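Structures incoming, each one as structure tokens.
There are two complexes below, and they share chain A, which is joined by chain B in the first and by chain C in the second.
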Partner chain A sequence: MKRIFAREEWCLACHLCEYHCANANLPHKEGGNFNAEMARNLKGRAIRPRIRVEEDDRVHFALSCRHCDEPACKKSCISGAISMINGVVCIDRDKCVGCYTCILACPYGTIVPSDDGHAAQKCELCMQNSCGEPACVAHCPNRAIVYEEVLDE
Partner chain B sequence: MKHVIIGNSAGAIGCIEAIRHENTEDEIVVIASEPHHTYGRPLISYYLEGRTDRQRMKYRADDFYEKNCVQTMLGETVTKILPEEKKVALQSGDLVSYDKLLVATGSSPVIFPAEGLELVKDITTFTTLDDAEYLLERVNADARVFIVGAGLIGLKCAEGLRALTEHITVCDLAPRVLSSILPEQPARIMREHLEAHGLKFCLGTGVQRFSVAERGYVALLQSGEPIAFDLLVYAAGVRPNTGLIKDAGGEVNRGILVDEYGRTNLPDIYAAGDCTEAVDVCTGARKIMALLPNAYFQGEAAGRHMAGLAAEHTPLIPENAIGFFGKHILSAGIYPEALTPQEENTEEYYKCFYFDEAEGKLRGYILIEGFARAGIYTALVRDGTKLRPAQWERLRREPGLLAFDIMTRAKILRKKVGAK
Partner chain C sequence: MDLYVHPRFEVLRSEKKCICCRVCERQCANGAHGYDESAGTMESYDEKCVNCHRCVALCPTKALKIAETSHSFRQNANWSGHTIQELYLQANTGGVLLSSMGNPRPLPSYFDRILLNASQVTNPSIDPLREPMETRTFLGKKNQTVTRDTRGRLKDNMGAQLELRAPIMFSAMSLGSISYNAHASLANAARELGIFYNCGEGGLHKDFYKYGPNTIVQVASGRFGVHQPYLMAGAAVEIKMGQGAKPGIGGHLPGHKNMGQIAATRMTPEGSDAISPAPHHDIYSIEDLRQLVYSLKEATGNTKPIIVKIAAVHNVAAIASGVARSGADIIAIDGFRGGTGAAPTRIRDNVGIPIELALASVDQKLRDEGIRSDVSLVVGGSIRSSTDWVKAIALGADACYIATGALLALGCHLCRSCHTNLCNWGIATQRPDLVRRLNPEIGAEHLVNLIKAWQHELREIMGGMGINSVEALRGNRLMLRGVGMTREELDILGIKHAGL
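Take a look at the complex of A and B:
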């Protein structure tokens, strides 16, 4: 099972991961140029990425859903909209009513409201969008975000 | 091993999923009075509003019972538990035997007697899918709805009905809305917001008497004000369904008394959800915490214990996420009177934290909007995390992992984690 991990010692706080995340989750034409579309789609817009960079003077890192084995969000969801699909914690947008109990429950603060405010959204490892692999990892210039097999401790 | 579960909501589903997580052999039987597939009970207001439908509000997929090898007896009511024989009796007269029994019977709305109430024929409560269907059938744009109770249930009902009619009046004995979860200031913010969306309130007063009018009915309030209405929604509170356990000789206060694994004092009988009183880790005292996530956590802990799996449980705290007309309240924990609340009130949001400086612990919080990453606060409350003053100050300003030391962060960022 592969997961996204952050390496804070390598993070530059460039926030590119946030833009690539927002871009990957927009509808795209098949065979279109992702990067070319990004500026057109996102420039000057407020984005709601599913990964976010935390930063202060010294420390920077990018945080997204940890895909917990025992997800508090899934257990707390009032509509049964959150499920575990092949180890990936996913939100069914059609079932979600946007009550944000999942935001109340996630101990890492990785779930955000969707743009229309009627549902919640989170990192689904780009499995459900047109990207097919985690866009934040693919586009991190310094390998501060990696997509790796989980090693059992 | 045969597990029998009475009830078919969050507590029951938590129990089933916990058992099946590791155990595929035990027999599981679900018996519930409601004939429906498990549905997200709090979704009935969204159903009124048209934001969801009967298919989408199913709490689990259509094949849930089949996939989890659960035998369902839906539409059947358990009338009695026979703890000595380890059987439950059904209304139909049949007996069902069990090795382990979970009582997840929820709660029932309370209707307080009032003069003339028996004259009101157009009346409902608002806790079930059938209640929502009743309202959808009756309420049109002309209907004047009177809701008794300005708590979570009454106001969610009002919000849902607002999509159907603009004539909605809500009364409550308490002087403010949402009195069970909000102190005065945030309650005022919510009331103003609700009023701006067309709800009318009569607070701090109850109904003196009901009478029949030429059209519909009239409720005369204790304040002297008459409210004309066509349909009455009674949302003045709920009472845990404890009867089965009480009759079987189990310990019951207002709710069924359970420990952290959902055990009642009766052998092999467990209880979970709105019918119980469990320990609130914020105070260490038992109380009713009738909220869906807690029902799931309790059902899950019970299921693990029933199936003889590793004894684990999620510590329970009062916690709530609820929105009205686009304004969301997220709250958790307790609001101790001895603590001075740290409040922030702006155009965009209201925040209030109860931080115990002597203990270095966050005890509770209330956020209206401005709730980004609120779960970090919930975890601090639930875990009783010890914080230095500077650390808390940082978290208060912006919840994040930066406030924690590098080892804690590394664990979260670099390893597979589980939220228990």
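Take a look at the complex of A and C:
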């Protein structure tokens, strides 16, 4: 099972991952100009990325869903919208009633309200969008986020 | 009031593309970008920009570009705008102008006016993908005679040698002039490539002793960080007599950069200016140099070749001949385009000679005097591509040193502001938040890629010439022809004009 890992020592707190995350989860035209599309998608918009850079003066790292073995969010969801699909914790937008219980329950704070505020959204490893691989990992300039197999103890 | 100096660069932002992510603002250590909260737009401060392209490279929508200002002075062929502004700067400050990296002036490049040969019809070219192509090189004194023991067996009395998988090395850059992560990148790449990097005059950080077999340690006039384990750690010891960017000038690491690990590695008090005197205070003659060469040989039990590095200056051939007689195993010559972390601008731009001419005259002189095989020649001072490399070897070099090229592979954009400690690429800086921008994992990969690419090209070019080993290319000036050169230039280079 591949997972996203943050490598704190290389994170620059540049926040690029957040913008690429936001962009990856917006509609894309096949073969469109990436930069122009990103500008069009994100211009004048407050983003709600599914990865967040936690920072203070000394440490910074990018944090996204850990895809826990026993997800607290899944357990807390009142409408059964959260499920584990092939090891990835996913939210079904159609079932989500936007109560945000999962946001309260997640110990890492990695679930956020969606742009329209009607549902919760979280990192689904870019499996459900056009990217196909985690956009944050692909665009991190310093390899501070990696997408790797989990090694058994 | 100070004389006004107009900003050299303009930060151009496409309003259409900018998404106000503020990445540029966070990444510019010079503070050339800002965010206007009330208007919700980005702002630029052109006067702070040094044109390093960090923001340009990281802007996610590619909304940025940097332009040289079109602001102009009244046309004057003698007083260029740049010259006038430099004069204003000095009138304002009373200081010596400082610069970094190599001489950028539009002086002729001889490499660019040398063309290479290739086989046709009568001598077959070689396909490097199908046939072996030897690039392995040994640096050090080569014996001219074969000696045998009483039973007629060959005596192995060859002095210490450096074995390189390809005749190229990363030249000296001290920890202090460049960052820990830059050193880690160079060290890792050298190990993977089977070549050497040079730790420069700032000592060897304890973490890097493990790369010793691929390290050249340097002894410069400041003797920073020199002790016996240091000398033993490297594969060779280099005595730095001069540097191409600033011949005749010493080094100066300002106190604010000489902190923590840097100061500890140099064995100097933290915060003190680390000054390398212009001369070695114990070397005023070839005999003195010989003493140091032999002291170092003795200190290392004759196990390490000794390199003497000199800058290419007017009578370099005679100097090199003296150095060859001092017992040095390798002579490194640094041309006037060679880089630096900081040098007085006027020195950098006006002192020294092109490496092509220096190399050709040194090689010739050593041959004429019958001492060429007593030393190997390594040249640096702007080897920019595999063809510069090939041409240098054909002019007589045993190997080349690259530094500016290596830094470019690490992300350097040649903004030439190394002396400010604000390198946005994490290379020429000691500020921890900036150093971290260079992940050595990525850095080493880029260096390895670069050298591998050059090696492919080297093999390809040699194959085209019908040559299958670097050995056979070395000093093979018949493979070179000059274009647009005077008789004198051709004579010094020892090559014919194209068409002959």
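Definition applied: the second predicted complex is superposed on the first by the 152 of 153 C-alpha atoms of A that agree within 3 Å, B and C clash if a C-alpha of one lies under 4 Å from a C-alpha of the other, contacts with A are read in each partner's own complex, and residues count from 1 in each chain.
One rule holds in what follows: a residue touches a chain if its C-beta (ideal position, glycine included) is under 8 Å from a C-beta of that chain, and two chains touch if they have at least 3 such contacts.
Owing to the predicted nature of the structure, the values given are computational and were not obtained by experimental measurement.
Participant: Put chain B and chain C onto chain A via the superposition and say whether they clash or fit.
Facilitator: Superposition check on chain A shows chain B and chain C fit without a clash.
Participant: Which partner chains sit in contact with A:H139 here, chain B, chain C, both or neither? Use first/second/both/neither.
Facilitator: Only chain C; A:H139 stays clear of chain B.
Participant: Of the two partners chain B and chain C, which one touches more residues belonging to chain A?
Facilitator: Per-residue touch count on chain A favours B.
Participant: After the superposition on A, what does A:Y147 contact: first (chain B), second (chain C), both or neither?
Facilitator: Neither: A:Y147 stays clear of chain B and chain C.
Participant: With the two complexes superposed on chain A, say which partner A:L42 touches: chain B (first), chain C (second), both, or neither.
Facilitator: second
Participant: With the two structures laid over each other on chain A, which partner does A:A6 touch: chain B (first), chain C (second), both, or neither?
Facilitator: In the superposition, A:A6 touches chain B alone.
Participant: With the two complexes superposed on chain A, say which partner A:H15 touches: chain B (first), chain C (second), both, or neither.
Facilitator: It touches chain C, and chain B stays clear.
Participant: Would you give the minimum C-alpha distance from chain B to chain C, in Å, for the three-chain superposition?
Facilitator: Superposed model gives a least chain B-chain C C-alpha distance of 17 Å.
Participant: Once the two structures are fitted together, what part of chain A is touched by chain B and by chain C alike?
Facilitator: Common interface on chain A, chain B vs chain C: nothing in common.
Participant: Inside the complex, what are the residues of chain C that reach chain A?
Facilitator: Residues 16-19, 21-23, 26-27, 57-58, 60-63, 433, 436-437, 439, 441-442 of chain C touch chain A in their complex.
Participant: Under the touch definition given earlier, write down the residues of chain B that touch chain A in their complex.
Facilitator: 14, 38, 40-43, 46, 51-52, 56-60, 292-293, 296-297, 300, 314, 319-323, 326, 328, 330, 332, 371-376, 378-379, 399-402, 406, 409-410, 412-420
Participant: Where on chain A does chain B make contact in their complex?
Facilitator: So the residues of chain A touching chain B come out as 3, 5-8, 54-56, 59, 61, 63, 66, 68-73, 75-76, 78-80, 94-95, 97-109, 111-112, 117-118, 150, 153.
Participant: Okay, in this complex, where on chain A does chain C touch?
Facilitator: Within the complex, chain A touches chain C at residues 9-10, 12-16, 19-20, 23, 35-36, 38-39, 42-43, 45, 139, 141-144.
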